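Taking it in order: structure first as structure tokens, then the write-up.
Order of writing sets the chain letters: A, B and C. Residues in each chain are counted from 1.
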């Protein structure tokens, strides 16, 4: 049992198909794909070097990412319906292409050269059945896709015309493949035809219609299918299916980019150290064409799937930002600039490609980037736009005020630096002067130092640390802003100089371990500072609290009074801690200790958590929006039926508590993990000296 | 010592006279019409003439934008010692000294005025009742500066001279809620004011409503501060009020240090009830 | 056209405090900055520089660390800056400052236009620009809220807001103008832009360099001298009221009645 190869077809097709079809297809595909790569101003040479570098830098991560995302569909999987249609089409099409290729290899290579055929017997039967199944699942995939796109029409789907072409073409190829198979089975009936169950079934249906014209029917559909297939394959670089080639490349090149890590356009401390020339350096990017090739290739890799838009909290709040539209607009502008051969005279804002409000709308929560199958860095691109605005002095008053406050008062709230230690009045908090070699430097951050509400987080932590006998000290009046707001608002140089000073401060005190309850400080100290030479380990308080609870150094909250107060508890993952920091379990361990079985998860939690509205510097300014991001998040939290929302970030605390207060019918209590744990401590003051 | 007080028609010289009294009994008030003397140079020349003809060694001017220009030019012209925005004068071992706010109102500085002629400016109130006749003067020519137009603008909002002020700050959650504050102000017969963020950040009201360093300075009988935390910049603009009542949810809000009655509570709970209670009287 | 913009190096007033424990004014430790009002003058000068190819020089009288303020101002778009400094700057009064600036204007001049902010954040005198105009015998307008350069002729048209009126003037150059914050919105400069200003663009001069005798800049020779400071707050009764809203309201009304505020 084996395939009768090219029966009833002219013999010259045996070589003709290679000369007149495969060769031109390969050539056209290669030429079009080269143009596809070049339209973002990238060359194969750069891509090759980029791939080599990526694999040399981090072979494991790159391999895991590419294999996982291409064959495991790790990122694509996150959108259920999208994943279904993608798997059906990608899997079926892949099988069909591989199957067709196997037939060709057998017939024209192993058979001719070695006289060996492998598609025989039982294997051949399975082969036929699998390919027929794949044809049917391909049709199913196309139908699911069309149903989703034309009937369900989720708002985030982009409107690329080539999607319609792809659905039409795939549908036609599947259908014509079945028809030609049916024709072949009618023209040259075989005993084992039953294994090709779809074609065979179709043949039975068509037999009365086709009658004596079976051979002609077969030849027509064979030709139609072959020509369409080769044309389709050749034109793939023109369709959104170009992602078959482009995505694995961009994934590999960027695979080791840390989530939430922004680009670093220059290393100012190093330049200053070397007394180098500052004249040529620039933080911002006026036009996408000014990016290095990796970023250009990345922007051009977007296939408009809209997953980013679907999860974007700014978009959900009715702000003018859609990450999909921004990347699409920047990509289109990039292609126009490359085609024109010269950079545009005015920047993207002056030319209306994006607006300033769009750039300021981003919360840098990273939800979009987490969902992006093309690993596009949407938040990073928006911060790059902000850097350009800041560099050009086009900064709205409030953002400018924040940047000025950080420079002048050493905190983004613009409060006097001499009030930084007011929160610790009367608490007997050890400073580095008093405890010069603590296990932990407790980094307070500006929010807990100044914000009336957030102060109680630091105060609760001090109580816990003292109770557990943890050796710690604070910088006190020497602590200054970590610079998170500067970096997120686009003041790159200001941030870098601040990072340099803070790193020197840590080094001066020989600080090894830093404890902080603020995920914003945490992210800045762990993601951003190492680029400028910081050698510190930073621990979030949720991690330490979980340890202290596990080791019994602090009691679980379950005391009668406190448990009643907590009630049903849920946890809001701060973006900088969960999705971007990867700290997911310790806060949950603390919540379990506080509420036991009465701990419930919010639908959007862990790495799908939804921003509180304060990220990316948004705590300090306003952009036009229809509803507040914090009210959306509060609604998600209250839908759990919880009485208390635990947070692990002073910004989230402020935002959600404000939202809870505004929603007058909401009795939700918002509390930091430290406050929950501290409430479980015995009331009587622990002895002054441990 | 002999003092010369200069005002425009419509300005009450009383504050300036009172300021001079601790250091001299010889106080003469001269009213100068604005017409013809718009340019500071012209007024400075006329006042310099008066100083020499009257033998004055202390000149008191209203602390207004127009007289700020005059004070600088007069000080230069007479090589005088100048204390703008003075709040008190005294004779001390250091000679004549003036008290004035420094560093955004954090401290009162005492300044010795070490020249034979002293120029002082201070806040004046609008004149109630008839004004004295303006001094007959011939407007002098001003070199290099020609008035090409003068447009009267609408009279200032009643805030600066209001006897009662109800002011609100960041604790007000939405622009629509200003109606709550307005209703209370109406019940009290008070003017509405606000803190800087309401103007600068929220842009709910224009600058004429802002109380504080960069806005208007008020001295009402009653200052009711609703949800204002009490940044020093704000306190500077209202701390001379007779009775200060502050409502704030935060018991450690700095405004409470500057208030007579510190009401710890939510303005949304208190304002409607207070309005109703006042209306019921 | 040549423009001199006077900028003052001031302590951040939000960081200045009166320490009740030591009865000391904590100014020295406060971070310093460019006087915000002078940024409006800088902005006006930079606009003129772009429109008329004017040369813009930043002038500052202050301690040696004021060089950073001069750099900041130059970064906004000036050609160069000059800092006049010496041991005498510490207790310089307005008249002394004005005499040094007038000397600077003569020695670096001639200038067609001298611009400054209306007031300084620390002293709030609003005296120096008028004193400079007097010393240079040129016209002066304070509180400029609109400025039209008459496309580079020797006249400028200005507007200013005074009590109850807006006045417009035609001013013959050279002249001194102090500007109000209503004139414009100053551009923001980034740390990088400031760092990019080479120190060669900031010249340092002594009093003698600008033709001023240091002996006239001592506290005793000054027109005014600070002889004391005390905290500004007036004591208040600070009665605290908490509790149920209705009780609170009753207490407020009682207090208003007691003070005679309610009729």
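By our rule, a residue touches a chain if its C-beta (ideal position, glycine included) is under 8 Å from a C-beta of that chain, and two chains touch if they have at least 3 such contacts.
Quick caveat, the model's predicted, so the values are computed rather than measured.
Across the structure, the highest number of inter-chain C-beta contacts is found for B-C. Note: the chain lying farthest from chain A is B, by mean C-alpha position. Separating the centre of chain A from that of chain B, both taken as means of CA atoms, is a distance of 57 Å. Taking each chain's centre as the average of its CA atoms, chain A and chain C sit 49 Å apart.
Centroids of chain B and chain C (each the mean of its C-alpha atoms) stand 20 Å apart. Within chain A, residues 397 each touch two or more of the remaining chains. Chain C has residues 14, 17 in contact with two or more other chains. Residues 11, 13-14, 16-18, 25, 27, 94-95, 98, 118, 121-131, 133-135, 138-143, 157, 160-172, 175, 220, 222-234, 236-242, 245-246, 248-253, 255-256, 259, 261-262 of chain C are the ones touching chain B in the complex. Interface residues of chain B, counted against chain C in their complex, comprise 38-41, 64-66, 68-69, 71-73, 75-77, 79-85, 92, 94, 97, 100-115, 142-153, 155-156, 164, 221-222, 232-233, 235-236, 239-240, 242-245, 251, 256-266, 269-270, 273-274, 277-278, 281. If you check the complex, the residues on chain C that touch chain A are 12, 14-15, 17, 26, 31, 33, 185, 187-193, 195-196.
Residues 268, 272, 278-279, 281, 283, 390-391, 393, 395, 397, 400, 403-404, 407-410, 414-418, 491-494, 497 of chain A touch chain C in their complex.
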